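One chain, chain A, links the two complexes that follow: it is found with chain B in the first and with chain C in the second.
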Partner chain A sequence: MGIKKTVTLYCKYASICVRSLMQYKVSFVLMIVARFIISFGEFLAITFLFSGFEEIKGYTYSDILLCFAVIQISFVLAEVFGEGFQVFSGTVKRGEFDRMLLRPCSLILQVIGTKFEIERTGPLITAGIMLWIGIRSSQIQWNVLTIWTLIAMIVGGTLLFIGLFMLGASFCFYFIEDTSLLNVLTYGAKTHGKYPIDVYGKGIMGFCTYIIPYTLIQYYPLQYLLGKTTQWQFAFYPVGIIIFLIACYMVWRIGVRNYRSCGS
Partner chain B sequence: MITMENVCKSYKVAKRNAGFGEACKALFHRSYEEIQALNDVSFTIHDGEMVGYIGPNGAGKSSTIKILSGILTPDSGTCIIDGRIPWKTRMEHVRQIGVVFGQRSQLWWDIPVIDSFELLKEIYSVSTLRYKNKLEELSELLQLQELLKTPTRQLSLGQRMRCEIAASLLHEPRLLFLDEPTIGLDAVSKLAVRDFIKKLNQEQKTTVILTTHDMQDIEAIAERVILIGKGKILLDGTLTDLREASAMQEESAGNSANLDQVVANLYRKMNIM
Partner chain C sequence: MKKYYLFFKLRFAAGVQYRMASITALTTQLIWGLMECLVYKVIAETYGEYLPMNYTSIVAYIWLKEAFLVLFNTWNTDKDIFGMIMNGDVAYELCRPFSVYSMWFSRSVGGRISEALLRCFPVLLCAFLMPKPYKMSLPVSGGAFGLFLLTTILGMGITVAFCTLVYMLCFFTISPKGWKMVLVGAVDFLSGNIIPLPFFPASVLKIVEWLPFAYMQNVPFRIYCGDMVGEEMFLAVFKQVFWLIVLIGLGVLLWKRVENRIVVQGG
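And now, the complex of A and B:
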């Protein structure tokens, strides 16, 4: 299947999801508002914290806001596009995965096509505010490389979270029940990822580089973006997420093969 | 043409006794029981045939359908459909088949039926002209005109089943699997579905494989019946063969008995309940 065909098909799936969501208008609006309020609370918490401190481990208020905004945007985008993986255990339980196997198109496309959660976009408003404050009061030298770094962090982060969602979905093939263990890594990372990872010490840094590569989209490129280092190669670390995605895809493939030999 | 040879399939099923204590124990140590779902199943089905596939619950009907449609990989044995091995060439295979599960929907729940059809058109890459013609033909035969603009969740079961069948035929498959298509339908819908399937087989020469517990379905549609029990093919023949097998020893179940009794008798006799 060609790329153009895949994209058109995904757009059709997405438009169906949006139309389905619109059927329940009140719930749709409430979800956006509720999620905005929650995220705004987190923003206020950081603001209050910094009324007592000047900086945390060398990071100023605006640095933290910038870092949090990037993680927040990545996570929201991952939820919008990758929610299909998050609800995948239900898909398997209801036998809908059998139906997907009966259709002549990519399984991953069908899985992510089951959900297109624009009602999760509320936190983007907060993230936008934080990004704006963060950028305005920082001393970032804007040039092609720094703009690339910011975008690469967001895109890389989105792909990282989608990869984790996919990993979680792959476990559904083995344990039909939900695996909330993975939520520690996704929601946990969203909550704690607002601070640059070196704040948490060496052990966590190691884990977040070699096991789940959070540092590739957060700590390293952030150092470059904030001008804390002159090592320009840090700007390209987010590209490494592709390797992580390939690994997640392998696990997914093994899961599918296992499903087809064991049945439901 | 479908050829299935010596296909075997077994599942591992986790077993535990009732009770909370047992449930906790099962967390740490699970005892598995192996269930032989299909045991050396072989048959051949030619193009344009209409086959009723029957057997008691848990006999292996669904497993067979899943293997034939490429969802499931068998443990051993071969299965070739028009030169394709279903589980190895999933994409090419599913393009040529249609599958209706009576108990599950393939339509998107919250949107009008016609929107589901349009998405299926994209998924199967059906050209606009062919899609239009096919849709017109199907809505005429299954009387869908009024239903197409209704969201799936608001359809009655009978209306939905007619839409399901249409959905599985939009890409003009050569082979159609129907898994309990008349389950829960009222008399009028049942007759409509049966008539349609019969016509489809006669006019388009579509091969149809139908599983059902409703013996009237079989009587109305199928020329050939395959009976499966405990994973084994026990009988492969016509309805008359079925009646004879059932009546061989027990005189009470002669030709006068209705088909439900005949089959129940047969299940008991073959000890497959």
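And now, the complex of A and C:
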């Protein structure tokens, strides 16, 4: 199937999801407001925390806001596009995956096409505020490379989270039940990723580089963005997420091969 | 009274069933707590004496928060009740010759205590066995521990009363999910779940202390680690009792109104 056809098909899927959400307009608006309030609370928490002191391990208030905004935007975008993986255990349990296997169309497209959660975009409002404050009070030298770094961090982060969602979905082939084991890696990274990873010390740094490559989209490019280092190659570290994504895809493929129907 | 005790027991037995889920939850909570401790450790290393709470207290607060998460959280509300309101099964509840408010209240308490008892001991055990800077400390005194237990129960009562109030509000709207999340988001922040309340600026704290949310987990945890002592402590216990009565009263009143105008959706 060609790329053009895939994209058109995905847009069709997405528009169906959006229309079905729009059937409950009050609920839709409330969900956006609720998610905004939750994320705004986290923003306030950082603000309150920083009212007592100046910096954490050399990172100022605005640096942390910038970092948190990037992670939050990545996570929200990943949830909007990748929610289909998050609810995958239900898809397997109800036997809907069997139906997908029969269609002459990419499996991943069908899985992510089942959900297009624009009602999760509430935190983007908070992230926008934080990004604005963060950028305004920082000393970032804006040029092509720093703009690229910021965008690469967000896109790379989105892909990283989608990869993790896919990994979680792959486990559903074996365990059927929703194990929620990977929630630590996804929600945990969203919550604790607001501080640059080196705050947590060497051990966590190692884990976040060699096991799950969070540092590629957070710590290293951030160092370059904030002008803490002159090593320009850090700006291109987010590209490395593609390798992680391929690895996740392999696991998914193995999962699909070993799939045994269980639904009715 | 016996029938409410039986609802409590039923929910308790159901809660004990999910063991695998408990193991996953335990790992998640330990990692969560540890990550939080790491951040505060870095902060305390630089600004130790300027912080509104000392580092050992913060660590104890974090571990207690993880251990008693299910007692005080407002987001993991009883799904059965929400389901009943949405799909119309609530009609059966109305047929029973009990007070629906007391039934839901006792059921929530049962669910929370059963889950908390299962989860708190492993978390606490691990927290006490942690290496030095992340180690959980013992309560500051025997008296403080006794008060901690008492205020935990009062704080949980306030949380459950608040959640039951939210259930009642769901009768007035067909899309309860949104309302629930709006309230939960606000409460999570105001009860000191994201950062302990002492870290709030003084002016904000003054307002927050007028709300019932400051008397949920904030009081017991800070009494345990010795951050809340003397007059402030006894005043807090008094205010807990006050809010518990007010919230339960409001819930009962609201239920009376619901009962008169209830429209059962679905079938």
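Things to note:
The rule is short, and it goes like this: the second predicted complex is superposed on the first by the 259 of 264 C-alpha atoms of A that agree within 3 Å, B and C clash if a C-alpha of one lies under 4 Å from a C-alpha of the other, contacts with A are read in each partner's own complex, and residues count from 1 in each chain.
Here, a contact is a pair of C-beta atoms (placed from the backbone, for glycine too) under 8 Å apart; a residue touches a chain by one contact, two chains touch by 3 or more.
The shown structure was predicted, so the numbers you read here are calculated from the model rather than taken from an experiment.
Once the two complexes are overlaid on the shared chain, A:Ile38 sits against chain C while remaining clear of chain B.
When both complexes are overlaid on chain A, the residue A:Gly201 reaches chain C alone and has no touch with chain B.
Contacts of A:Leu160 after superposition on the shared chain: neither chain B nor chain C is touched. Of the two partner chains, chain B is the only one that A:Lys12 touches; chain C does not reach it. After overlaying the two complexes on the shared chain, residue contacts for A:Gly52 are found with chain C alone; chain B is out of touch.
By the touch criterion stated above, A:Arg260 is placed in contact with chain B alone, chain C being left untouched.
Between chain B and chain C, C touches the greater number of residues of chain A.
In the superposition on chain A, A:His192 makes contact with chain C only, not with chain B. The residues of chain B lying in touch with chain A in their complex are 11-12, 63, 66, 69-73, 87, 90-92, 94-95, 97, 99, 101, 104, 106, 108-111, 115, 118-119, 122-125, 151.
Chain contact summary for the complex, chain C toward chain A: residues 20-21, 24, 27-28, 31-32, 35-36, 38-39, 42-43, 46-47, 50-52, 173, 175, 177-179, 181-182, 184-186, 188-189, 194-195, 199-201, 204. Residue ranges of chain A in contact with chain B, taken from their complex: 5, 8-9, 12-13, 16, 19-20, 23, 94-96, 98-99, 101-105, 260-263. Within the complex formed with chain C, the chain A residues making contact are 24, 26-27, 29-31, 33-35, 37-38, 41-42, 44-45, 48-49, 51-53, 55-57, 177, 179-181, 183-184, 188, 191-192, 195, 199-201, 204.
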